[in-house]
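Next up: some structures, all given as structure tokens.
Heads up, the next two complexes both have subunit A, just with different partners, subunit B and then subunit C.
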Partner chain A sequence: MLLFAIPLGITLALSFGTTDDLGNALYGWHPENYEQAFDPLFFPVLMRSVGFALATVGLCLAIGYPVAYYIARFGGRYKHALIALVVLPFFVNYLVRTYAWVALLADEGLVNGVVTDTGIRDEGIRFLNTSWAVIGGLVYGYLAFMILPIYAALDRMDPALIEAGKDLYGTRWNTFRHVTMPATFQGVLAGAVLVFLPAVGDFVSAQLLGGPGTYMIGNLIQQQFLGAENWPFGAALTTVLMAFLAIWMVLYLRSAARAAREAPA
Partner chain B sequence: MSAAAPAPGPKEFDRPRFLRVFTALFFVFLFAPIALVALFSFNSTRSLQNFKGFSFQWYERFFENESLRDSLIASLQIAFVTMVVATALGTLLAFGLVRARTRWAGSANVLMLIPLVTPEIVAAVSALILFTQIGMQLSLATVMIAHITFSISYVTVVIRARLAAVNPEVEQAALDLGATRWGTLRLVTLPELFPAILASALLIFALSFDDFVISFFTTGESPQPLPVRIYSAIRFGVTPTINAIGTLMLAFSAFLIGLAIVMPRLLGRRESGLGVLIGRDTA
Partner chain C sequence: MLNDARIDRRGLLVAGAGLALAGCGVGDSGGGSKEQVEKKIKKKVDGDLVYFNWSEYLDPELIKDFEKKYGVKVRQSNFDSMSSMLAKLRSGNRYDVIFPDQSVTPRLVASDQLRKLDHDQLENYDQVFEFFHDPVYDPGSAHTVPYGMYATGVMWRADRIGDMTGSWDDLFREDAEGKIYVLDDFQEAIGMGNYKNGFDLNSFDQEELDKTQQTLVDQKPLLRGYSTDDVQNMLNGNAWIHHGWNGDVVNVRNQADDPSIYKFEKCREGIPVGADQIAIPANAEHPGTALLFIDFMLDPENAARNVAYFGYPMPNNGAVDAFAKLAKDDPAITVTTDDLERGDQFDPLTGDRRKAWDRVWTEVKAA
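Coming up: the complex of A and B.
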């Protein structure tokens, strides 16, 4: 535990520090690192990270919920095998999976090869360096974190409830809205948090599938430490990220605790 | 988990067809990119658009490249040390958390989850700053320390769940029958925990071997862990050698998962390692 708390403490201390002329980190009280983080130059990057991460959560939900629903309700005896198949690709290195998309979407990549060969368009389509490529990479990277909790929630739910809803003349939509959705809400929430947390701090997807126009806070942090050598500013950015995520975590844990209290024993 | 009784009947009746198609498309989306990487790693030309013929040349390139080979060995070393140390420490920690009834146990239980939900980049930056502030030269050792730090929590979570499920009366029975404390631990408790320990060890090996972000921030100049090398290679463009490395890593991960599933069964256990990891005992 100490192994974890001490480094975070030093990061916090350094985030108020400054650099000397040689770029070495010095401690001190310099809150301007935080002002710089909200500077018009960098603030859009913060907003973009949150926007990308929210878009990722939304897309993961849109893709993951139907899949989890299908597997949980109609998977039958293949249920476990199908869930194992969902998890399997996520044991493949994240870099390699992202790279797979680079290879597919590159200007000289497979998709553009098909597009030009079949004559759909004379010129290839530019996929890389767009926001959609970065969000797509994040969705592909973290989809399992959304599917698993939703699947668990659906699996726990008594399917008779859905049938009861329909027997009581609920339309499909009404049954879903009043029965299935409330029963799986905690699963959705858990999935949203599990996807959002790593997505907002990710820098691989933006680095490989995007370009300078799509950089996220993770890229900025990485630059401060391994490129620009402004460690205190990097530490300040890290602290902002951590604080922001801690707020989400606390909200989520309170909601989960409330749900656990209200659930019938 | 109740027995998976096949009860189709009304379910089949309202099974929406579009969901089925959607799920099928989802699996294509999930596996196609990886499958293509694997396919093109055997391509005889550099092209990523046309598959010209079968060849092993990109694999040969990889094994002939001495620095890439050093990176592979470095990654295996890191993963092995991380696995051994983190599994041992994590198991001890789990015992402490479950068995020790002190007033710290509650807060320690919550604190332990923090590393699991912290974004990797925060953990990586913190580790980097710590190492440089105490004057440690960045090397494979610093990568190992950082990996062990983030791995312990995983081990503890898995083992703790298992330990809480062990019936304490069995241990008491052993003690009543004259077993020493150490004998009870060795003959009763550890065998009960064994599938969980094995599964978490393999998980840690896979996580450490695959980890990029933390390695990237805490590694020294050379040899760098394999994922870090892959990252720099991808930044300079797509080459078939990366296809080959990616395919090898893929096969290796699949092998580890297979091992986690199969090994407890080979040793005469009913539970599969994967079942232990996702917290349920699949027979």
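Coming up: the complex of A and C.
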């Protein structure tokens, strides 16, 4: 609890501070940092971050659900090994994995080398420094957080339910819609939250894979600490971002609480 | 279960303790004391070297040689701008040897963050050019030795684009849309904008800054990105035109399959020049090894090898011939002490001027 509250407290205190001539942070009472944080100039940056994060959640779901479903239902003996394989790349630091993408997707990098050598195109495809590269990097970075909760929910599900569903609903799609989806809904929600919250504040993907037009709120905050030497403003932005994300967290917790109350004994 | 989500009294107390602990100086410059700065460093091995520099800015063979010669390990970290170097120092990280430049060194000297260097102990100090024995940014060269001399200009790939005009307008070419990079450094970028608009490099007149801000914002659709990793961006084909530094074009050529396609130009509206230094932070854990490293880099043979690696002129007698060889093929990369005396250098920015420039840069990035 202490490890959580102390940095939070310092950030809060810093957000009301200002900087001296040499760029050092001074504590005080300067709420104008928050005025600056709500400058309409930064609103598109926040909206863009939310947009990227939602796209990331969507893609993670589209990729992650089938993977989790396949492993849980058809993995059999290899279930644990397969899940371990899914998780294995995530032992490598997120920053390093994203750098690998830079090398792979550069205009004259490995992927484009194949594209030009095999004659698919004369010139390389521009993958990097686009919004889709950033979203791709985010998806790649957080996919495991979507797969694992869904896998857990599917694994927990009694396969007899699906058999019963097939009897009741006939087609596989109907079974899925009426039995599997509701049963795994909490897992999906957990995965969505685990992906959405960090993705909004992410700055690594945008910095390495993005261009000047993909600036996210995480980059804006990072710049205040590493570039602009304006730690108090960065702290104010951080607090605003945390408050924004806390709203979603509370909504999720209420939904989870309600589901737990309604769950069969 | 929802009760757990509410903040209770204990939570508030803990947050309050956090606020109190804030008095522990988070965000302070990590400045040292006068005694720490003045204490004489004994030039001997006192541990591994914690090294903090730009990436690809010192010959890795020299690092290996230093490790072998003194039987230590060199633990390397990199920064990608003066701002992030300062941020890391401010967070309390302890490095033994750092490479600040003249826009930042006066600040570090003034806030007692650099150890005094004893020139008597540096055997190779007499190799350093006279010009740097009493530089403006560090009187008496008491806390630093010079490293490289640089000029900012434009690098480009002659196989992809031609007809460069020797002007900062070259960074705004529409036929290279999506293949242009500007340095991710607020002083370099805003300075470039100032030059393009015919203003002083370090102008902080609000009207001029507003105009420069608009110029930079208008440039964004043409850009591939903001980056100081000019060597890699040129090599991996992402960049055709790159706002960059003179020596880096040599570094690119050293690594490229076809060196002849990489060119560098200085721009007629104005050329930012400067020098960087090697220094020992006040809180260095192994200043003895650091002093050995500085003497090692001042050795004329090592300086010559370093010049061949990174392409910048070093103000060291031993490096003059090595650089002359590089400059013969490409005079554009030359920077001399005359240039430093007469040329435009980035002012060390503090206070309101710093805030004004910071604001421009933040708004350009977010726009």
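In this section, the second predicted complex is superposed on the first by the 243 of 265 C-alpha atoms of A that agree within 3 Å, B and C clash if a C-alpha of one lies under 4 Å from a C-alpha of the other, contacts with A are read in each partner's own complex, and residues count from 1 in each chain.
In the analysis below, contacts are C-beta pairs under 8 Å (C-beta built on N, C-alpha and C of every residue); 3 or more make two chains touch, one makes a residue touch a chain.
For clarity, every value in this text was computed on a predicted model and none was experimentally measured.
Peer 1: Do subunit B and subunit C fit side by side on subunit A after the overlay, or clash?
Peer 2: Overlaying the two structures gives a clash between subunit B and subunit C.
Peer 1: For A:V92, is the partner it touches subunit B (first), subunit C (second), both, or none of the two (neither)?
Peer 2: A:V92 contacts subunit B only, not subunit C.
Peer 1: After the superposition on A, what does A:G191 contact: first (subunit B), second (subunit C), both or neither?
Peer 2: So A:G191 meets neither subunit B nor subunit C here.
Peer 1: Between subunit B (first) and subunit C (second), which does A:P149 come into contact with in this model arrangement: first, second, both, or neither?
Peer 2: In the superposed model, A:P149 contacts neither subunit B nor subunit C.
Peer 1: Which partner does A:G165 contact after superposing on A: first (subunit B), second (subunit C), both, neither?
Peer 2: It touches nothing on subunit B or subunit C.
Peer 1: Would you sort A:G137 into first (subunit B), second (subunit C), both or neither based on which partner it touches?
Peer 2: In the superposition, A:G137 touches no partner, neither subunit B nor subunit C.
Peer 1: If you tally the residues of subunit A touched by each partner, is the higher count for subunit B or for subunit C?
Peer 2: B
Peer 1: Of the two partner chains, subunit B (first) and subunit C (second), which one does A:V250 touch, if any: first, second, both, or neither?
Peer 2: second
Peer 1: Going by the contact rule set out at the top, does A:G210 touch subunit B (first), subunit C (second), both, or neither?
Peer 2: Touch status of A:G210: second partner only.
Peer 1: With both complexes superposed on chain A, which partner does A:W231 reach: first (subunit B), second (subunit C), both or neither?
Peer 2: both
Peer 1: Output check: A:F74 vs subunit B and subunit C. Expected answer is one of first, second, both, neither. What do you get?
Peer 2: After superposing on A, A:F74 lies in contact with subunit B but is clear of subunit C.
Peer 1: With the two complexes overlaid, spot the stretch of subunit C among 38-46, 92-100, 236-244 or 344-352 whose C-alpha atoms clash with subunit B.
Peer 2: Clashing stretch: 92-100.
Peer 1: Touching subunit B and also subunit C: which subunit A residues?
Peer 2: Subunit A residues touching both partners: 1, 6-8, 10, 14, 102-103, 106, 108-109, 112, 225-226, 231.
Peer 1: Show me the residue ranges of subunit A that touch subunit C in the complex, using the header's touch definition.
Peer 2: Those in contact with subunit C are residues 1-2, 5-10, 12-14, 17, 19, 21-25, 27, 41-42, 44-45, 102-103, 106-109, 112, 124, 126, 128-129, 210-213, 215, 219-220, 223-232, 250, 253-254, 257, 260.
Peer 1: Could you list, by residue number, the parts of subunit C that touch subunit A in their complex?
Peer 2: For subunit C paired with subunit A, touching residues are 1-2, 5, 11, 14-19, 21-23, 26-29, 81, 83-84, 86-87, 90, 107, 110-111, 178, 186, 220-221, 223-226, 236-238, 350-351, 354-355, 358, 361-363, 365-367.
Peer 1: Which of the residues in subunit A end up touching subunit B in this complex?
Peer 2: 1, 3-4, 6-8, 10-11, 14, 63, 66-67, 69-71, 73-74, 76-77, 79-80, 84-86, 88-89, 91-104, 106, 108-110, 112-113, 117, 140, 143, 159, 163, 166, 193, 197-198, 200-204, 207-208, 218, 221-222, 225-226, 231, 234-235, 238, 241-242, 245, 249
Peer 1: So in the complex, the part of subunit B that touches subunit A is made up of which residues?
Peer 2: Interface residues on subunit B, with respect to subunit A: 4, 6, 8, 10-11, 14-15, 19-20, 22-23, 26-27, 29-31, 33-34, 36-37, 40, 48-50, 108, 111-112, 114-115, 117-123, 125-130, 133, 148-149, 152, 206, 210, 212-213, 217, 227, 230-231, 234-235, 238, 242-243, 245-246, 249-250, 253-254, 256-257, 274, 282.
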